[in-house]
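First chain A sits with chain B, and in the next complex the same chain sits with chain C.
Entry: the complex of A and B
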């Protein structure tokens, strides 16, 4: 950006490149002057209480939200928590969300509907117990015999040898063989007792023979002019490894999973998206920058912290500020045990002792140079 | 085979369920079964339910046989002559109560003229579907259901002639309307409940028009001349009670004019209305602070120094006095005793409640509003015949609320007033609007209720014709005089030193947590500090230990109770914060204040 005058270099790169692309070179300086003026006007003034305004701006519309869950029209048992419960879930940073789900976008030929049902079915998790007609323990031979249901196998398009190869290597120390009538599971260590066989039986039931672990339901739908797959249950890591999946757009609504797979910046964006989705869905109008601020405070330590007394509030420096938010006595006693000092630097403490709060007019202080005596 | 259930419990089966149910009903009508039993044959699930338990909502209906009601003209005649009673009708099976379930099997005619051979029952009157107060709303069937509800609720709050023996009653917080009237537009319920003996409203001349914006947002403009003639005038009664309690040790309260040497003696001026027995005389005009019943109580704690001091016998002042903002006239004084045999003094206070700006009025259709302006009689609009309305009602209250009955009552009331008769407005059974309008036309008025009216201030005719007529208006018990409240300076709480809360304690309006947030959001820190300065205090703080020190008023010196010889500095903080520090000390937490110079 050599031709940008030095006084305008502080402007964001995106703004500069747009001005450079659209304004004629002769008027570049004049346009930049206007842009810079506008840019400065749009900035938040020093001392503006952005945090409180963000909190109220999200909190007040939330009181008007209807406490309902959103239903997928015509599809049985697929409803997602929306509305206030969902916002609370996201902002609290809950690890186990009530309805984990994914929107899987696909690469070109598949996104137009090619093999869409097949792909969807291949993602859906099928457990061994779903296809077994009988699971018996043969104590004489100290093995477990699983008799698959041929009709159910055909339904998901699998064969018995296919099932066996899918099962192989899933549990350690067990050999899997296909016999004439059944699939046999045998412990490799012969000396293991009967108890081990019973334990193995429980493990065997939940073995995944097909699909991606964790995805309990799939639903191919048309969104816009392409087909996507909506799932109940998430497994972002496995799904993103699939070749037909459009990695750039596929999302999960589990923020902690996004953090684990894609990192904290992705999680921050996911928080913004999830909160904004609910607010938009309810027909409310909240500036996205409020959500961005909230997401930033939740993520700035590198891990996701919910806005709870165990999360962001715990990180507050001031003892009085922490005590003013839930379980005061616990915080006060902990503070006294550690001999903490409260420097009274933020809002709540100063309200409590009735001193000017350090925002707005309370931030300004008078500095005066003492006259030197000659 | 049909199952039979008695009160929800399986009993057995019958082969012909319809016949079985009919037989049960017949025996009930014949008096062989209790009238409280109801039978319901459910064809869908093929079961007969016999109900006899309490808690079922039931309503009376006239039994119909072969298209003819069993209630005959002869019955009615005998009823009128008091030779028969309601319970006789039930015993004879002429009238029976059906519950919600048995109603499913019944075919009920609304009016006698609608009866066919298929009908099993006849409604006694359409009015029977409503409750008492709802039945008092005229032309109910022309109103939206919601407004019928609010209309009937409002009537319960109306002030009127609530009891004929009011002079000898000691009611808490009651109002009395001085000039109640019988409504011109009535329903049969008004006759049934003898409404004429305890009316609760007045027939007012209403003009539907706006007036300088003073009747916007449901307000009404009222004619001062009408108020001076008695519109809505009333009295407010409030009792004051004092009891001579007995305490342990043979000590008793004493109702008397307190001696000057007692603890908490007010001032001679405050006791000036008391007679020798320590009670006010009737018709005394008492105001704020005046003692109504003088009373002294024995000292609360007989311990410590008081026991030995000369003033040990000192009694406490515990008189009943007029509270802040209260005034009135002593109406009645009653001397009696309560259940424990203690002497009991009851004083009934009366105060005028002349309508003023802010008092609430309503018609019987949920069209409530407060007075926005009281206009001199001379400035009110008037009609060609010289009629000056009592109330100006804004037309904007009509479209969204759809209270058509309010408009019909206006014309009906006008017709009734002009022809000198009562108009029947019973639900579904009222006089027809067309007839009322025809009658109004015959009386020489426009049949649509419109009249040319003139501006009271300029005398010019309004360019539109105004809808005027008579509506029965109710004055509601919510009055400004009982609710007005303001505070600049006033009492504070002992514990927190913050201002008291609530009207009774002359309190302020709390600037709460959320209100605080608005100040922070605006960045107005200094204003916020000023608002929270209500419990500001200056305390000395020890420079050494950081605890709050004490100030010795005699030596004019502050010293620390812990360090004694250390320096102290004065700090300005809210008293509630000082309390928090004290509470922390109670938790065995040492809150040390490290002082830094602010400048």
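Entry: the complex of A and C
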């Protein structure tokens, strides 16, 4: 393979490897010359308002999107937020998304379909209330009695002692015992009032006796030539620790969960992927650079900030720029109380006071060297 | 419990810590101060294996669909 001459090393690796792959060694220099000329022409010029271009490039096609949710074939209850609501959700940086989902990839041989149903079912969470036929409060003995339904227990392949051992240690300060007909929950501190028992009852209902917390539905499907499990509800941290899960490819669609488990760079990539997935799905065509710019902005401060008045807009230095977005009175009052100064360095505030904006040719200023005067 | 190596995950690009000399050189090349760089938290999962401290600069090599490989820098901050 021919070496790249030093003057062309600044070109992106993707460009270089393509030239190297396709151009004959003798003509390499000539081709690179042409390529670098073209490359320099295509670069964004200094002062170009890339943010505005990105906003319009994503905004215009999104007016044409359908507002539908998308139904999963085969499973009636599984529908996914798609289209504009999903894009808004991602870019706003919402903490609670409407349809959290995971794609769980498996290691061989499970990815070829071995025990796929069994694995899927073992991930699905079962709560205590799902198997209980009755939950009663026994005030006389100040305890809660849960009577399990034998048929439902048999369905998920669990026994009463198994349930009790799964429950033990899940809530602090409560002792769990198996009695003849029911499972008893008793507060270890005797003097706790009736209120505490009622509170405990609500807690007990949602205890997980089997599976992974948060995974409400599972669906094994074939994608390409391997089997994966799609879930409704996410718990990336727990799932990644399971032995048969392929750690390298399993992903969630919850951006904040990805930030917590995999880090800010992974979250940036996830934002790009999620937005691009929607746009592609709607048959629209938006350059990926726009999404990259938005994702970079959202992840700049080390944590995800949505494009809202609480997120990226709050970070703006200029008072007037913040006030022009949302809740202007609040921003202006706060600023005057704190005695903030607006240095008029950015676009919006200069538009307001009718000055040239620092964009494009407005960025450059005329300077003169003092010493050349005679 | 399985010990998992998250650095192999598809979403995580390669993170590495810059040495003092590389750090100075990078700051000069891009004409920025540490304050002007994008940030990454000390507690971030992507740099847990690097034992980085606040003030360190992390070099991130992203697989970019437009440039092939893209270099990105973040300064480690706590809070």
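What we mean here is this: the second predicted complex is superposed on the first by the 308 of 374 C-alpha atoms of A that agree within 3 Å, B and C clash if a C-alpha of one lies under 4 Å from a C-alpha of the other, contacts with A are read in each partner's own complex, and residues count from 1 in each chain.
Note that in this section a residue touches a chain if its C-beta (ideal position, glycine included) is under 8 Å from a C-beta of that chain, and two chains touch if they have at least 3 such contacts.
Because the structure is a prediction, the values reported are computed rather than measured.
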| item | value |
| --- | --- |
| First (chain B), second (chain C), both or neither touched by A:52 | first |
| Chain B versus chain C as contact partner of A:80, first or second or both or neither | neither |
| Touched partner set for A:31, first chain B, second chain C, both or neither | neither |
| Chain B versus chain C as contact partner of A:351, first or second or both or neither | first |
| Which superposed partner A:303 touches (first chain B, second chain C, both, neither) | second |
| First, second, both or neither for A:359, with chain B first and chain C second | first |
| Greater chain A contact set [chain C / chain B] | C |
| Which superposed partner A:333 touches (first chain B, second chain C, both, neither) | first |
| Touched partner set for A:341, first chain B, second chain C, both or neither | first |
| Partner chain(s) touched by A:14 [first = chain B, second = chain C, both, neither] | second |
| Set intersection of chain A contacts, chain C complex versus chain B complex | none |
| Residue ranges of chain C in contact with chain A within the complex | 1-2, 4-6, 8-13, 15, 38-41, 44-47, 60, 62, 64-70, 74, 77 |
| List of chain A residues in touch with chain B within their complex | 47-49, 52-53, 56, 329, 332-333, 335-336, 341, 347, 351-363 |
| Residue ranges of chain B in contact with chain A within the complex | 516-517, 520-529, 532-533, 535-536, 573-574, 577, 580, 584, 587-590, 594 |
| Partner chain C, residues of chain A touching it in the complex | 12-17, 240-243, 247-249, 251, 258, 260-266, 269-270, 288-289, 292, 296, 299-303 |
